[in-house]
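Naming follows writing order (A, B, C and D), and every chain is counted from residue 1.
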Amino acid sequence: MLWFNCDYNEGAHPRILERLAQTNLEQTAGYGADPYCRQAEELIKDLCKAPQAQVHFLCGGTQTNLTVLAACSRPYQSILSPVTGHINVHETGAIEATGHRIEALPQTNGKITAAQIAQVCKEHWEDDNPEFAPQPRTVYISFPTEYGTLYTLKELKEIRRVCDENHLFLFIDGARLGYGLTAPGNDVTLPDVAALADVFYIGGTKIGALLGEAVVIPNLKLQKDFRYFMKQKGGILAKGRVLGIQFLTLFEDGLYLELAKHANDMAALIKTACKQAGFSFLYDSPTNQQFPILPNDLLANLEETYCFAHIKRMDKNHSAIRICTSWATRKEDVLQLTADLLKLAKEQDATHRVSFIQQ
Amino acid sequence: MLWFNCDYNEGAHPRILERLAQTNLEQTAGYGADPYCRQAEELIKDLCKAPQAQVHFLCGGTQTNLTVLAACSRPYQSILSPVTGHINVHETGAIEATGHRIEALPQTNGKITAAQIAQVCKEHWEDDNPEFAPQPRTVYISFPTEYGTLYTLKELKEIRRVCDENHLFLFIDGARLGYGLTAPGNDVTLPDVAALADVFYIGGTKIGALLGEAVVIPNLKLQKDFRYFMKQKGGILAKGRVLGIQFLTLFEDGLYLELAKHANDMAALIKTACKQAGFSFLYDSPTNQQFPILPNDLLANLEETYCFAHIKRMDKNHSAIRICTSWATRKEDVLQLTADLLKLAKEQDATHRVSFIQQ
Amino acid sequence: MLWFNCDYNEGAHPRILERLAQTNLEQTAGYGADPYCRQAEELIKDLCKAPQAQVHFLCGGTQTNLTVLAACSRPYQSILSPVTGHINVHETGAIEATGHRIEALPQTNGKITAAQIAQVCKEHWEDDNPEFAPQPRTVYISFPTEYGTLYTLKELKEIRRVCDENHLFLFIDGARLGYGLTAPGNDVTLPDVAALADVFYIGGTKIGALLGEAVVIPNLKLQKDFRYFMKQKGGILAKGRVLGIQFLTLFEDGLYLELAKHANDMAALIKTACKQAGFSFLYDSPTNQQFPILPNDLLANLEETYCFAHIKRMDKNHSAIRICTSWATRKEDVLQLTADLLKLAKEQDATHRVSFIQQ
Amino acid sequence: MLWFNCDYNEGAHPRILERLAQTNLEQTAGYGADPYCRQAEELIKDLCKAPQAQVHFLCGGTQTNLTVLAACSRPYQSILSPVTGHINVHETGAIEATGHRIEALPQTNGKITAAQIAQVCKEHWEDDNPEFAPQPRTVYISFPTEYGTLYTLKELKEIRRVCDENHLFLFIDGARLGYGLTAPGNDVTLPDVAALADVFYIGGTKIGALLGEAVVIPNLKLQKDFRYFMKQKGGILAKGRVLGIQFLTLFEDGLYLELAKHANDMAALIKTACKQAGFSFLYDSPTNQQFPILPNDLLANLEETYCFAHIKRMDKNHSAIRICTSWATRKEDVLQLTADLLKLAKEQDATHRVSFIQQ
């Protein structure tokens, strides 16, 4: 079987394993106070053009989200998120378990707008008794979104402006940040993200690391005492170097963006083949996740060889799936997949095909 | 500098790194559903002689403690812990942050007794309004303790009996379990631990792994829905295999206990030298942590070459320190340390020395 | 000004104040262990035909909701509520602050259906990784709803069946229970509520008491340790008799339902007048809350004399308001209001009027 | 039976009930926005000489403590309390349930010292990894303490200074504040309390009200958004006037202090009688709670007529009890009690008596 169901099916990029082996017997301080964490922090701050920022290393996405959002919020404050946000649908109430309400906003292509955020704040503050509802405090968005789509720089700037006007923090979940930064058509850079967000993270787990997310905190207010939050939530790794070494390896020679771009390129080949075969997409993603809508019988054939994630039953004959590529995806496997896909599509009776409008 | 301040100064045992490299490009399911996690689980259950148990893999100690204790407790229930318990002093209120009170009991050599536990329960249930105080529900102890000391099998059995009589869960923190199991004089086996505890964990971070703790849950009641707790607390690793592979490597050929025993042997050499030099100990530990009381001037001399953890100022001339060994401690370094220590002790004017009674 | 904006503008029914005065100097035990609380409990159990039930007295609605739902839930379990449920919109995240996620379901007339609940459960349990989302555990509905509407007995029985099939608790918020039980067309009795709900409460604050809600717990599982939850959430009143005496007074001679019926009758007069005047309603309520849609100029005129709650701007010329009656509403005031309303409606140019379809 | 076991055995002072009856049918806004709450707030601010303060009304002590301490703390911050503090022993982990750790300090006569507080802070900030333990943020003390004892003005000023030096809030639990302010020997005034504390409360429940605690917040930082905390914790009463009217009645003519002084006077009679009879005291209290140590047989005799609270078994023949007086305690009952006590003491064989050193 060839697995295209997610972007964390393999271990780490070999250079990471090599580096771990090379440094293995060096003795270092624990809990992130080692030289590798410090070097990785400096490197990331440089690349972000954010000398005032702090960088902290955590193990995984849910841990990062719940730690950052606890640091952003007083107990009565809420987090605004697209209804499809990872924190709202896929983390077992991890945010609520820290005591905070998520206000889920309707999304379009996985995104929310500055106008929606402004409207929520307006309604809150115009209420006769605003204290009878949680106070909006933080905006949570993902770049790329759960659907692989991207905010434009203009959209992000508008969201920033609305956040400033309403005294809100902006937290950008970058579990797949690299895929967004290297996507065709993207106009957002890493320094843009660092300039616009109060806090964001650079995902390692899904782009080449064994595990690890680098939290970048440009906003000084959120820096204070952040390590207390990390420790309390179980997020300070004793051998912090395991994270520092990985991020140092990913960032010192541009490996991170290189791996992300490779995955995007592989996804683009699949996207092109799906279009060629006449298939629609549930979302129009320029990144490493593709959401084509396939006839069920064709899908069944493909699934004898390939593994995908099922996303949505469109009608009795069609299903939307997610096809993911990663740093580890081999071009030969992609070419085999696209060839099989085109061959099967051709064989299929064209009259059975239905085109779905992209949503 | 040679570091003896803790047991997580290096990376992982080389066999772990090799195994990670060998399996690196295999595609596996995420979130602990891979074959390595399953094999490691089966192996650990076998070694525990607990076929009914569940085994889950988490990243670190605080994360494990807060996840397990959340699973043990309803909101109004408390955890009984020695006042020196890791959860009570060194986790930034992680347990309280999940809503639970820790009832800290006075300790002797880092340990609490069955009688103390029984007494707390008696007082709770005899109160006219027991509901005005948290209800005792879980006993938290560590094996070895924070002071490197060990419960005897008899002591653990008595604690178990009291737990049964009072409807309490027993959770054994085994962050350094291997050091306890292989200590001279220890009469507790892994199957004993699995038979006596409702839930415990086998620490990997401090005995040879990059990171990782294996939670073993013999009690069926605590097994139900445990993964919900793991996910909510940010404890399910996307690339769960990273943990599974490490524990498989540690347990399939007895490597875990071998590494622990090595560390204990190295610690014993240091202990012997300290005794020879006429020094007292803050605690009498048979495991990899030693707590000698040294004259400050001798200590200052040693610290030009060696790094220790300072534990307690005993008087103006003496300090108790912690000396730790680990899987990575080299015998030649230990011999150098003990030689230096004996040499310095000899040079020192004997009249300056004060003997401290062990506490 | 005459206030019709809510049902808690006055103090308590005079018989309650008299009873408090009569018993004032009696010495009783604290914390709800007094004879009045016990008598009130027995009386309520009798009226509910639920001899196995427990009855506890709390101060207010939010306190009751957060205490009951904490008792219903493990940390990873969620509460299903109509999106308009009080807990979802009007309690400052009180439920989330206890760590639980509310899954808000679309509502019709303030109500959710058995089918919706079943669907949520189906989707949860059919997911490949159910533990990545909170586990549905409790259904929260209100009787009457926030919109003054009522579930039929058939609807409640269907919800009960679905709860049984899916291992869910059913919690009925009865902050205005009496208004529902005495509404025209209602076919649900107090024993029905006690037979169908695992836990519910009988609101005193909004029907004649100074303060107080009586929590009835028919389900034995939820009875255990409930007072621990009450105490921990600050809900055990030192002078518990203040609540016991009030509920005893409200229930020993049928005063509670009498007061509720009076309020409903007064509301019906207002409803009839609104209909006569040709106005539509935002919701069709048979209880003490009415939601007519009035022309803004007419409303402005009325508001020189009467106080209402503004609910929704319908268009630039019309607004939906809430008119509330209570035990204290005087018939003469209602007749004056309806007369003014009809007079103003007549004066107004009929061509300006727009009829809104009930939602 | 005559009850002396606590200070909340009766209802409210009659003037409160009268005032509730007089105002009963007035229509007022809900949730504390009524004129009575506002008048009571202004009056209390005047009496506190704290024009910048806010005053809020809550129902009970545990509710007040958990709400105030949530407002004082970020999630990783702890509360320093005497080990005997009400929040530490008698509130079912209510504070921990909001996520915060209580650091319990050894007490003397129910009190802690400025030096102890300074020491805890020093140890925290001198640690190499302060973030591995909760950060001290708030000092919680009671005036009077659980043992009826009082801090002197000098002691309070020293605590204030240490709080200032260590960036700590000072919260004074005044559940029995009046008893302290009117005690013989006390040198602390209400304006002193308001000048020294960042937040404190004036207990109504235990001094003449049906229920109610008035939270006074002199510190502007803690004022912001306090009502969000109140609402989220279930602490905003719909008919807030019930609290406002009571505090207005208690404070507009000095009734509050008058009632407290009466109770202290009654307690002093009992204290004198106990001393006359040769009995020792567990604590030397100048307020309405007395803790005499009585021979068990004498106690058994007394308990045929009087109800006390048992505090501690001193040895096999002696017990310490708590005798409480209140606004409702009648002098004739006290005189009867003291007469009986002296008579029984006289009858008893003097050789059986043992004197206990005050602790």
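Methods note: a residue touches a chain if its C-beta (ideal position, glycine included) is under 8 Å from a C-beta of that chain, and two chains touch if they have at least 3 such contacts.
Nothing here was measured: the structure is a model prediction, and the numbers come from that model.
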Of B-C and B-D, the pair with more C-beta contacts is B-D
The assertion on chain A/chain D checks that the Cα superposition rotation, as a multiple of 5 degrees, is 180
Between chain B and chain C, the Cα-mean centres are separated in Å by 52
Distance in whole angstrom between the CA centres of chain A and chain B is 35
CA centroids of chain B and chain D: separation to the nearest Å works out as 42
The positions of chain D in contact with two or more other chains are 75-76, 91-93, 97-99, 131-132, 134, 228, 231-232
In the complex, chain B touches chain D at residues 75-76, 78, 89-93, 96-101, 131-134
Seen from chain A, its contact residues with chain B in the complex are 1-3, 6, 8-12, 14, 17, 20-21, 23-30, 59-67, 91-94, 97-98, 205-206, 210-211, 228, 231-239, 241-242, 328
Listed in rising order, chain D residues that touch chain A in their complex are 31, 70, 74-76, 98-99, 129, 131-132, 134-135, 225, 227-232
